[in-house]
Amino acid sequence: MEKNRLEAFSDGVIAIIITIMVLELKVPHGSDFASIKPLLPVFLSYVLSFVYVGIYWNNHHHMLQTAKHVTGGILWANLHLLFWLSLFPFVTGWMGENHFAAMPSALYGLVLLMASIAYFILQKSIIASQGENSLLAKAIGRDCKSKLSSLLYAAGIVAAFYSPILSGFIYASVALMWLIPDSRIERVVGQ
Amino acid sequence: MEKNRLEAFSDGVIAIIITIMVLELKVPHGSDFASIKPLLPVFLSYVLSFVYVGIYWNNHHHMLQTAKHVTGGILWANLHLLFWLSLFPFVTGWMGENHFAAMPSALYGLVLLMASIAYFILQKSIIASQGENSLLAKAIGRDCKSKLSSLLYAAGIVAAFYSPILSGFIYASVALMWLIPDSRIERVVGQ
Amino acid sequence: MEKNRLEAFSDGVIAIIITIMVLELKVPHGSDFASIKPLLPVFLSYVLSFVYVGIYWNNHHHMLQTAKHVTGGILWANLHLLFWLSLFPFVTGWMGENHFAAMPSALYGLVLLMASIAYFILQKSIIASQGENSLLAKAIGRDCKSKLSSLLYAAGIVAAFYSPILSGFIYASVALMWLIPDSRIERVVGQ
Amino acid sequence: MEKNRLEAFSDGVIAIIITIMVLELKVPHGSDFASIKPLLPVFLSYVLSFVYVGIYWNNHHHMLQTAKHVTGGILWANLHLLFWLSLFPFVTGWMGENHFAAMPSALYGLVLLMASIAYFILQKSIIASQGENSLLAKAIGRDCKSKLSSLLYAAGIVAAFYSPILSGFIYASVALMWLIPDSRIERVVGQ
């Protein structure tokens, strides 16, 4: 019961985040192609963030399937993750409107990094609540994919000050890496 | 269980899309009739998009009733559909504010076309997950209505450059065609 | 099952409508009392609309409890009701920003009237789907309260052109009339 | 059943409130650090409000677990609480944009105070509906924490006119006090 409400609330917040990001695509006054051309980078950053939020929703969903009950720690770790995700519309809009300039690209990477750390803390809280023989601990194993992602976000932040395009490529690559469905949890739950 | 959460998330996103579209109806400063008159085309495009999003919600709802479990492919095909639906507020506002000019009307049609293709891909993913004797495959049959719609959207895009009014009529006609409830799935599920 | 999703979707849309109305309370630049004083009428119209949307949610909730299954007609009658409710943020903002001027007050009443008609149509659709011995038909009886409300909204629209204050009082009175909980359905369901 | 829908609606409204607050973080035009520096107080007030809304969601959640059925009084007491919570985005934005000036800080405290009173009324309504031997009455006991919070909000409002920084510290302290999970209800429900 309690878990359902946590999932429903998280789904609500994530659904709103993914949808209000589109409000940064401000309707232009002109009606020709030239008037929407400057929106192209905003659109690109919207696509990237949409994919990221989709990945978080997907993985959050799988992770919570392994949780049996919700402790106070899990609840606040979850709100902490939602906090960083809620900053996506802001950093997406800032990066897009400034055509992937250095500072906005670095801040975008920082929010990605913080969200990945928040996800890691939530994961730890669920594992701690399950005690030994944690299903989730077994499912994620050494969790190399998450560790590699965090490293790449950090690399992207540094790269932003030399070549924002490079950091954009790094963020897009990490997203692609996660688009490949994470079958670990499904496999362990299936057993 | 997993299907419920996919439905709840999709419902959330669609509910937000259908509601934030109204934010494009910007409150005017004057208080007389003249000050809301320019909003009439925005209102008309809002009505059209409201009906379209309502149709998508309705059909999405019926289609998912036939799905038994959710694969990774279905999940991403669903997010892909939500992506195109999330662009409705933008193209609705652009078309309305420019009084159904050529480019905005064409882009509106393009988003309708992409959403219909995304819906088609989602349908294929669900059918693929059901194997032979797919309930959904039986229900949709040759799926002429969807194919005709996609053709008409394409026609509307081309028409926009000659007569935007004509393309507006085409989009409204397709909406009307879908307002007639699609009894195919209900019939097959009922059996 | 199907009814649950209709309720969840309606709840989502109504929750968003009731919350985005507050966005019409634009954050002022100054930090003294004088800078928020002009927001007072916007705040008052927000309170009135919040109560109205709350009443609709409450009554919608009770009415759907009597419904057993959802037909295509009920589904579209429900979307039709949500459409008129979705215009609340716009008319609330317009009426508030213009300090209850004539035209905005009349348009506010028109949206109230259309929503009450849409509610009536939804009620008829549910009764029709229940056939004879409809629980809902028994519960609402002659439905004098709804008919009186519609009359009063119409009176408020006319009054707006002579005395917008009077029409404001009429709208507030109807809201108060509905705040008294409608025990008819509860009584019949309880039996 | 009825309780589920009340919870779902409240979750929806709270999820939207917590997410649209971020829209007050307006995307700046410049792309350097100087252009986001003025947003720092807005960000700080966002963090504070995010934590408060999280606390309300958490406690609301626990409190409703003890409720068995929903009366008309509970329903309206709940909407009354949501009304005050819905003003959070406005007062958060106003306080942040004015760098914690006197009036905005006092108004922020007033909304906190009204929300805590609304929460108290909702609590009373649920206890009243449970009659003697109310589980919730047993769980909250003398409810010193809530009474202390209301007192501190009042102190914060007064302090705002002398030292807004002090009132900011008071509001943050109350939030911290509530972050420590309220184990009273969990304990009593567990028994």
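Before moving on, here are some points about what is shown:
When the chains are written out, they are named A, B, C and D in that same order, and each has its own residue count from 1.
One rule holds in what follows: contacts are C-beta pairs under 8 Å (C-beta built on N, C-alpha and C of every residue); 3 or more make two chains touch, one makes a residue touch a chain.
Here the structure is a predicted model, which is why all the values come from computation and not from measurement.
Shared numbers divided by all numbers used gives the overlap of an interface; between chain C and chain D this overlap falls below half, so the copies present different residues.
In terms of the distance between Cα centroids, chain A is separated most widely from C. The rotation relating chain A to chain B, fitted on Cα atoms, amounts to 90°, rounded to the nearest 5.
Distance between chain C and chain D, defined via averaged C-alpha coordinates, is recorded as 26 Å. A straight line joining the Cα centres of chain B and chain D is 37 Å long.
Within chain B, the positions touching two or more other chains are listed as 8, 12, 16, 20, 23. Listed in rising order, the residues of chain C touching chain D in the complex are 7-8, 11-12, 14-16, 18-20, 22-23, 25, 27-33, 36, 47, 50, 54, 57-58, 61, 65, 179, 181, 183.
Against chain A, in their complex, chain B makes its touches with residues 1-2, 5, 8-9, 12-13, 16-17, 20, 23-24, 72, 75-76, 79, 82-83, 86-87, 89-90, 93-94, 97-98, 101-104, 107.
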